[in-house]
Amino acid sequence: MSLQIISIILGSLTLASALMVVLSKHPIRSVIYLVVTFFFITSMYIMMNAQFLAIVNMIVYAGAIMVLFLFVLMLLNLNKEMEPMNTKGAQLAAFIAGGSLFLVLITALKDTLILGQTYRQQDNSIGLVKELGNLLFTKYVVAFELTSILFIAAMVGAILLAKREKQIIE
Amino acid sequence: MQAASSIGTSLDFFLFVSFALFTIGAIGAMTRKNMIVLLMCIELMLNAVNLMLVTFSTYYGNGDAQIFVFFTMVVAAAEATVGLSIIIMAYRNLKSIDIDMYNQLKN
Amino acid sequence: MALILLPLVFGMIAWFIPGNISRIFGLIASTVALAWSIIAVSYFEPNEHLLVDFGLRFVRFSVDSLGFTMILLTNAVFFLVFLSNFNTSIVHEKRFTALALLMQFGLLGLFTTNTILGFYIFWELTLLPIFLILYWFGAFDKPRALLQFFLYTLVGSLAMLLSVIGLMHLTNQQTYDALLAADLQSLGNTSILLMGGFLLAFAVKIPLFPFHTWQAETYTKAPTAGTMLLSAIMLKMALFGLLKWVLPIFDGNATDFWRWPVITLGLVGIIYGAVIAIRQQNLKTLFAYASLSHLGLIAAALMLQNGDTNLISVVQIVNHSIVSIGLFLAAGIIENRLGTQQLDQLGGIAKVAPHFGFWFAVLTFVSLSVPFTAGFIGEFFLIKALFNAHTFTGILASTTLVLGAVYMLKAYQVPMFGPTKVNSFQDLHWSELTVFAILSIAAIYLGLAPHCITDFVAHSLTQPTH
Amino acid sequence: MAKDLTLLLLLALPLLGFAVNGLFGKNLPKIMVGSLATGVVFAAFLLATTLFSGLHGTQIVHLFNIIDFDQLQINASFQIDALSVWMTLIITGIGSLIHLFSMGYMSHDEGYHKFFTYLNLFIFSMLLLVLGSNYFVLFFGWEGVGMCSYLLISFHYNDAQKGLANSLAGRKAFIMNRIGDVGLLLALFMLLGQFNTLEFLQIGAAVQQNTALQGGAMFFITLSLFIAATGKSAQIPLFTWLPDAMAGPTPVSALIHAATMVTAGIYLTVRSNFLFELAPFTKDIMLYVGLATTLFAAFMALRQNDIKKVLAYSTVSQLGLMFVALGFGAYTVALFHVTTHAFFKALLFLGSGSVIHGMHEEQDIRKMGGLAKLMPVTHFTFLIGTMAISGIPFLSGFFSKDEIMAQALHHNSFAYVVLVIAVTMTAIYMFRLYFLTFHGAFRGGEALKSKVHESGLSMTLPLVLLAVLSIFGGLLNLPGLFFKGAAHWFDHYLSHSTFGLSEVHNVHLDFNTSIGLMLFASAVAIGVMIWAYLNYAKRGALAKEDTALSGWERLSAQKLYVDEIYHAAFVKPLLALSHFIGKVVDIQILRNGIYALADGILHSANLTRKWQTGFLSSYLFWMIFGLITFIAYYILKLSVWH
């Protein structure tokens, strides 16, 4: 049962840090909280024995992408005064909308048959690197190769977009 | 490690966390006007979905969903790269990262 | 097969050759295509049925004598259009040549394809070049008129696409022969709807009465060559589709359902177009409405599905091509030389340009369908068919003779006769003279010996269909 | 020479002239063009005489098939019988004289070769019309002559003052003829429907075998044929084009609008006599239309001041007379009048042409007078023509008119009275024309008088020949009371080999009535002649100016306002309708309807575009909203389902 407690603690921490991402006024703090959120999510993956994804999540998200965000934020050199905020009414509307979405989702969960189910006692080795590697390089090899093209495109796009052009759209 | 894995943890808890994450991401996307934060909120929502996928994947013992998560991460990385460079360019033009300033596409 | 692909190849080449010789190139290309088709026809046994099948599902071509007639007509029309265009200068000669050849390819494909999907694809394929020709070379002051043409046609095509899909889905067949054999009677009202989709597309293209509003403006503003292509051959696609595809396939309750509505629209078009034409001041607009009037007659007569009438309508289709090339060429010559087509600004051209006056007169009489011309045979038998179907329709249709005389004589007399209002008018260029002469000879030959077409076509139209 | 070869040659000759003159005429010397054109027609005339002399029975010459379907076959074939050969003789005979005349008349015209080209084409079409063995070939010729008529009427299309009027007159003629053509077309359709053939002989045989065809179908067929005839032969209501057609050169008026083309309607009726015999009601209609036409046209001619207009109305009137004869079923009588009318009317037109030529294109009789001394040959021949048409005894017109009057007296005394009035008026206006033109003092001014000259030989020779024919033409069909042996030669000639005519017997009145009729007619004609002489030549009465006309005179001069009525009743409404449909229905309703539809779509697009605020948060909001709705829908659906 300790695992259950751990998972509850992890879940609440995840949600708390996610909330802080949204609530904190300064973008830098948001990024930091986001990294923290990703850490917690990664730990949840580990709990579910999805080891490969846990590693990838750690490296790609928490490592690469978040660093990118930080770089950009620092590059733009924003200060707190420049932080744009919505009006209170809009925020309220957003919270109501989000809340009702959440309610609806929970209702949906409640109606499903998986409620209260625990994990089956079976071979839970699918999340291991070996298993996923097998899948990735046999069944999904074409898609995997295609991702490289996607990355090249993204790289080229990013360089082209971020390059300081002389003639910029008026 | 195998034996210890998530025994006794109910499936719906992870789903609950996933939903909550998604909702937080959505609320953030609606309330915040900073484009970078918006992008972060989108990442949050993506991760919520990833979490759900992994949950089900483990539950059903099917690896395909995890591969799918992997691809989602790939796409998210690419998306973040391009999105951030767009933000940089946009900031150069308007000196602002307020998303509401960028409604010029309308006309 | 090579016959069909030839214009495509030429069209491709046309993009790459220098603009200043592309005019000659177009002429040569169309001449080769025409010569080739004439040779092919001379080796063709009228009662046989050439089939080109690559084993692919949707690519299947077949040629019978009707198809060959249309191929010959197409190639001849393109030849004449290129020839008549010889004396006018167009800015982007290369583009025009290439587009026209592409369109020729589309038309030839349409006339030979053996699958219903192929029919639709080629139908659409011809639209693109003509749209670009109109867009690049036309004098549209507002994009609206052009868009009207384009969208109108597309709406028709959409209806046809739905029908094509429906037909293929419901019969699970897609070749011509299989569709002919398919039992559409059992579909009941669905077949009526399917036929309606085709008819809408055709009605827009022919055009029939309430769907004609694109016509006058498009014809007026289009470049002369574009107008000639439109009215001389593109409209014939619809009539061909009606004659070859839709009517035989939907023979039965669907045709019975649509027969009188279409005939009524045709008749309304005959009188409506003629009456409007009387008051038109613009030469091309006048001819456009005249075309509405003439084609309404063919469409109405086709709906009767009478064997002999079908044969004669082929004659009339050819005749209308002759007439429309001739008349629009005449209008184009006037516009080209004087920069106007307004009748009140014209007068006495016949005195300054006697050759033009003579040939224009001949073409006017051809279009008035006086005896010795193909139009006479055509109109006589088409009206007769309508008269036999119902006395009243025949009488209404025959008013076209009187009203036609009114507007055609106006169109000829006002610019050509009377006091000379123009100072200089360059008489016909040799190329234009050749076109007029070919047209007149063809019209008179067909007027005296229509059986050279009817006998030929009879092999493919009178074979037992069911 | 074999007959069919002769016939083909006969047809081919004018076509040859047409082709040669049309293609090379521009570069040939005028004399060659003219003599070629005249030569081919004259050669055709000679060939026609050989046909005439060797005529036995009816013969069909088959050329080729025009249409050869399973159920229907239409041939280009020709029929040689008394009727067609007689018409051919008239056409080629008078035609060659008029060609000869034109060589002189048109000598100064720049369109000389074109004129002869058209004229030859006309002769060809006309021969096609009369020689064809079926209605289809007849229709070819029928429309062909209409087309030539159009071309020739608007011949001087670029004349500085009258060019436009000329071309409009041509158009009017063509359109009116077209209305008649539609009648013929409908008749053809009905005939095809009834008999499935258009051959005269086959239809005739079918009619004979099956006499039950009477009634409705026959009535409509013959009525349509008659409508066609009214168009071509200028009867009420389609007669107004003929006076306008005088815009063409005078030889054209003589050939087409007096001697040949306008009699095509008569020919058609005579050719279809077996059909008309079965439709008595149509014959009655024909009779009364003919009567009305002859009366009104004669009335209109009374106060015309244009020399050609008088003759034009006179032609209409005479054609009406022929239809009266046809209405009585006296086909040969009508054809006899066609023949004599061709002689004297061609003579009169050519005479007037000679006058106009001599007067340098002056056509108004108020400017003439005293031309008898200046143009003696023209004067003398014109006098003969006038006397012939007025019915002065023993000239051709006397006999042919007398036959018609006799028919009228026998069948219908009302018709007889009307005819007497019409004939009297004919004599009045003809002598008025004659005396005003040739007698009294010259009113055209001295300058013109010095230039007036007698025409050359090529013009006077046809006049003299036609005058001779006008004098002796009546001998063709002498009434029974003169020379018993030679009497009614024409009737016999026609009926012996023309289908249907052998059954039709004309009434022959008894001796006393005949003599009485003739005496009365002679008295009227001579009386009018004397009165006109006293009034115009002795007393010097002149044509009044327009302003001085009394009531009936104005009616006559203004042609009973028929043109104006037609203009108001048909032309204006048609133009208004055209305007209405073109501007209102087509543009306003249909096209703008389409535009409005497009605008509506555009407008609604603009409305929905407002939703696209461009603010990302609002998009997100709507997205979430949609998501909620979507999921909620499924939850509800599931819970209800459970």
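So that you can tell them apart, the chains are marked A, B, C and D in the order they are listed, and the count of residues begins at 1 in each.
By our rule, a contact is a pair of C-beta atoms (placed from the backbone, for glycine too) under 8 Å apart; a residue touches a chain by one contact, two chains touch by 3 or more.
Quick caveat, the model's predicted, so the values are computed rather than measured.
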Graph separation of chain C and chain D (steps between touching chains): 1
Chain whose averaged C-alpha position falls nearest the assembly-wide average: C
Most distant chain from chain D by Cα centroid: A
Chain A and chain B, separation of their C-alpha mean positions in angstrom: 4
Inter-chain centre distance, chain A versus chain C - centres from mean C-alpha coordinates, in Å: 63
Between chain A and chain D, centroid-to-centroid distance (C-alpha), Å: 97
CA centroid of chain B to CA centroid of chain D, Å: 93
Numbers and ranges of chain B residues touching at least 2 other chains: 26, 30-31, 33, 99-100
Shared interface positions of chain A, touching two or more other chains: 86, 90, 93-94, 97-98, 101, 105
Pairwise touch network: line, ring, star, complete, or other: other
All touching chain pairs, where touch follows the definition stated at the start: A-B, A-D, B-D, C-D
Contact footprint of chain B on chain D as seen in their complex: 609, 612-617, 620-621, 624
Complex contact set, residues of chain B against chain D: 26, 29-31, 33, 38, 99-100, 102-106
Parts of chain B lying in touch with chain A, wherever the complex brings them together: 1-2, 4-17, 19-28, 30-34, 36-37, 39-41, 43-44, 47, 50-51, 54-55, 57-59, 61-64, 66-67, 69-71, 73-82, 84-89, 91-93, 96-100
Chain D residues within the chain C interface of the complex: 64-72, 76, 139-144, 146-147, 150-151, 154, 157-158, 160, 163-164, 166-168, 170-171, 174-175, 178-179, 181-182, 185-186, 188-190, 192-193, 574-575, 577-579, 581-582, 586, 590-591, 594-595, 598
Chain C residues touching chain D - in the complex, by the definition given at the top: 144, 148, 151-152, 210, 212-213, 216-217, 272, 275-280, 307-308, 311, 348, 350-351, 361, 365, 370-372, 376-377, 380-381, 383-384, 387-388, 394-395, 398-399, 401-402, 405-406, 409-410, 413, 416-420, 448-451, 454-455
